[in-house]
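These notes open a run of structures that come right after.
Below are two complexes that have subunit A in common, paired first with subunit B and then with subunit C.
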Partner chain A sequence: MIYNFYLYNRQGVCLYQKDLKRGSKQQRSDTDKLLYGLLYSLKKFAEKISPNDKKRFRSYKTATYKLHCFETPTGLKFVMCTDLSVGNIDRDLEHIFAHIYVPHVVRNPLAELHVPMTPTTTMQPLPSSSSSSGKEEEASDAVTATQLQEQQVQAAAAASGFDAALSAFLSSLKYY
Partner chain B sequence: MARREVKRVNGELFTMTYGALVAQLLEDYESDDEVNKQLDKMGYNIGVRMVDDFIANTNTERCGSFKETCTTLAKEGFRMFLGVTATISNWTADDKECTLTIDDNPLVAFVELPDEHRELNYCNMYCGAIRGALELLQYRTRVTMTKDVLKGDKDTQLTITLLEVLDDVPPPED
Partner chain C sequence: MATTALKTTSLSAVEFLVAEICRGSKDIATTHDARYKHVEAIGYRTGLALFESHSACISEAKKNMRFQGELDVIKYLCKDMWQVIFQKQIDNLRTNHKGVYVLHDNQHPMLTHLPRTIPIDENVQLLLAYPCGVIKGGLAALGITASVSAEITALPACKFNLDVRRA
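Right after this comes the complex of A and B.
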């Protein structure tokens, strides 16, 4: 059983998250910040106490769930919370990186890197710009607004692609 | 993980496209300096994407040092994206600066630099791309062109200088 999936970059920005534990709704923004803090400290700690060079932190378990983390050399963290019966899923997280994130985001010129992905379904409407004074300014504002909107739509389309591919992959997993 | 099959474009088409791009930039920006800057910026944006693509497509082990990273970049990276290899040499004693030589630079075929553009670093996109790729691997660098075939040198050479090793960003304090 998969509970959640998170993707962070090196700056600690949560690029993507997905809750699969049907039913329960936690406070979202809080959890992802706390989780990054936890991962950051765990990584530092694991590096400090490791007796040799293989100092990567891979997973931890509590009484109710297991958290898996896969980090690329570029600092992207793929994090998944599952139930306790799931073994080592490094390969699956790596698959998400190499075969879902890279083709849908990195190789997609319309997708912006390092900004949180918002698939079309959850897109926020643009805040309307009403505080401009002169007419010319208004016109140029309108132009940037439409450009912005276009960019946002394209980025959202890219994010949707990632979202769909990820959902398909996750539901194909044995422990889904 | 199995290596994914890489799609390739025709080399001449690639060279011509790059040439057309530089020519357009020269028209748009007038000063050579500004064009160099733009090429570097474009390269940077390419580099930050290439590095993840590279990692996803190779079985490369995580590099332990700046030296190792540069060697991998020159040997594997250049081969994967450009089909040529580059060599790294002239390490300084503290391992912070090296020279990267591109043996068979694919960008400069058919190119002649006119006299009025002596300041133009035609291949400046390399610098940006390398800088971008290394930055995502936590190495903040400065990359400059030191030798240019188009300016009469024997080969294309870039100098990579390590400025700073970046650390993970700590979570914000509450």
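Right after this comes the complex of A and C.
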């Protein structure tokens, strides 16, 4: 069972979060910031008391859930909360980074890095020739109000590429 | 293991593209400083994204090592990233171990095809704004803010001066 997925950048901005608990109530809006603070402190402390050089905070377990964290050399943190039956999912988090985040966000010429990606609830059809910017982007002066609206729709479409690929991958995992 | 295949780009495609960026910057900015900043910003954004995506391709051994400090990051830049972008490595790295690094490139791709006898004026210096930006952006992606400047020693060799002490 996967409960949650969070993605943070080096500065602690929550770029993406997904709540997969079925029938859950709305979480407080600052849970993501608190979680980052916790992970940052845990990581620093784990490095301090590590008996040898191999120091990397991987996961923690409570009575009800297990939280896994994968950090890339560039400071991106891929965090996933699952139930207790799940083992080490480093490989899966790495897959999300290398095969979902990198192709859909880093290599997407219209996407902005380090900007929160809001997952869209409705699937937008991707434009055949993408001409506008992705995520949140300033409109040029000549753009009219309707064009701006169109741009926002297309921006959401660009972001939903990551969302769709992530949802597809997560549902393919055997502990979903 | 999750490894992504590293696609190699045609070096000439990169060279021509950067040359056109430099040429096109003349329409965007009037002073040399503004043009330099513009091209450097393009390189910065490129470096940021490139290092981000390349860190997905690091071999297993390197991944477990992480980066044990600044020098490791600079060495990664000189060996792996220079290879990815310019298909060669940095020829010489000097440091004073206090935050100043000098990267010697004896045959920089942006300078190789220039005639050896031309005067080193603003246009030539503009060509190096892009690699400076890439270095700056790449280091920023890995958490190091540095100021980067380029010096042309003798065509086609050049030096990149990195200063980590002041951003």
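Keep in mind that, in the parts below, the second predicted complex is superposed on the first by the 137 of 176 C-alpha atoms of A that agree within 3 Å, B and C clash if a C-alpha of one lies under 4 Å from a C-alpha of the other, contacts with A are read in each partner's own complex, and residues count from 1 in each chain.
Here is the rule we use: a contact is a pair of C-beta atoms (placed from the backbone, for glycine too) under 8 Å apart; a residue touches a chain by one contact, two chains touch by 3 or more.
Owing to the predicted nature of the structure, the values given are computational and were not obtained by experimental measurement.
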- Task: Once the two structures are overlaid on subunit A, check if subunit B and subunit C clash or fit side by side.
- Result: clash
- Task: Name the contact category of A:A164: first (subunit B only), second (subunit C only), both, or neither.
- Result: neither
- Message: After the superposition on A, what does A:P73 contact: first (subunit B), second (subunit C), both or neither?
- Response: both
- Task: Classify the contacts of A:M1 with the two partner chains as first (subunit B alone), second (subunit C alone), both, or neither.
- Result: neither
- Message: Under the stated touch criterion, which partner chain does A:Y36 make contact with: subunit B (first), subunit C (second), both, or neither?
- Response: first
- Which of subunit B and subunit C A:Q11 touches, first, second, both or neither: first
- Message: Contact-wise, after the overlay, does A:R107 reach subunit B, subunit C, both or neither (first, second, both, neither)?
- Response: both
- subunit B or subunit C, by number of subunit A residues touched: B
- Of the residues on subunit A, which ones does subunit B touch that subunit C also touches? 10, 72-76, 94-95, 97-99, 102, 106-107, 113
- Message: For the complex, give me every residue of subunit C touching subunit A.
- Response: 1-4, 48-49, 51-53, 55-58, 63-64, 66-67, 141-143
- Item | Residues of subunit A defined as touching subunit C within the complex | 10, 54, 56, 72-76, 91, 94-95, 97-99, 102, 106-107, 113
- Note on the structure: Listed in rising order, subunit A residues that touch subunit B in their complex are 10-12, 33, 36-37, 40, 43, 53, 72-76, 94-95, 97-99, 101-102, 106-107, 113
- Would you pull the subunit B residues touching subunit A in the complex into a rising list? 1, 48-49, 51-53, 55-57, 62-64, 136-138, 168-172
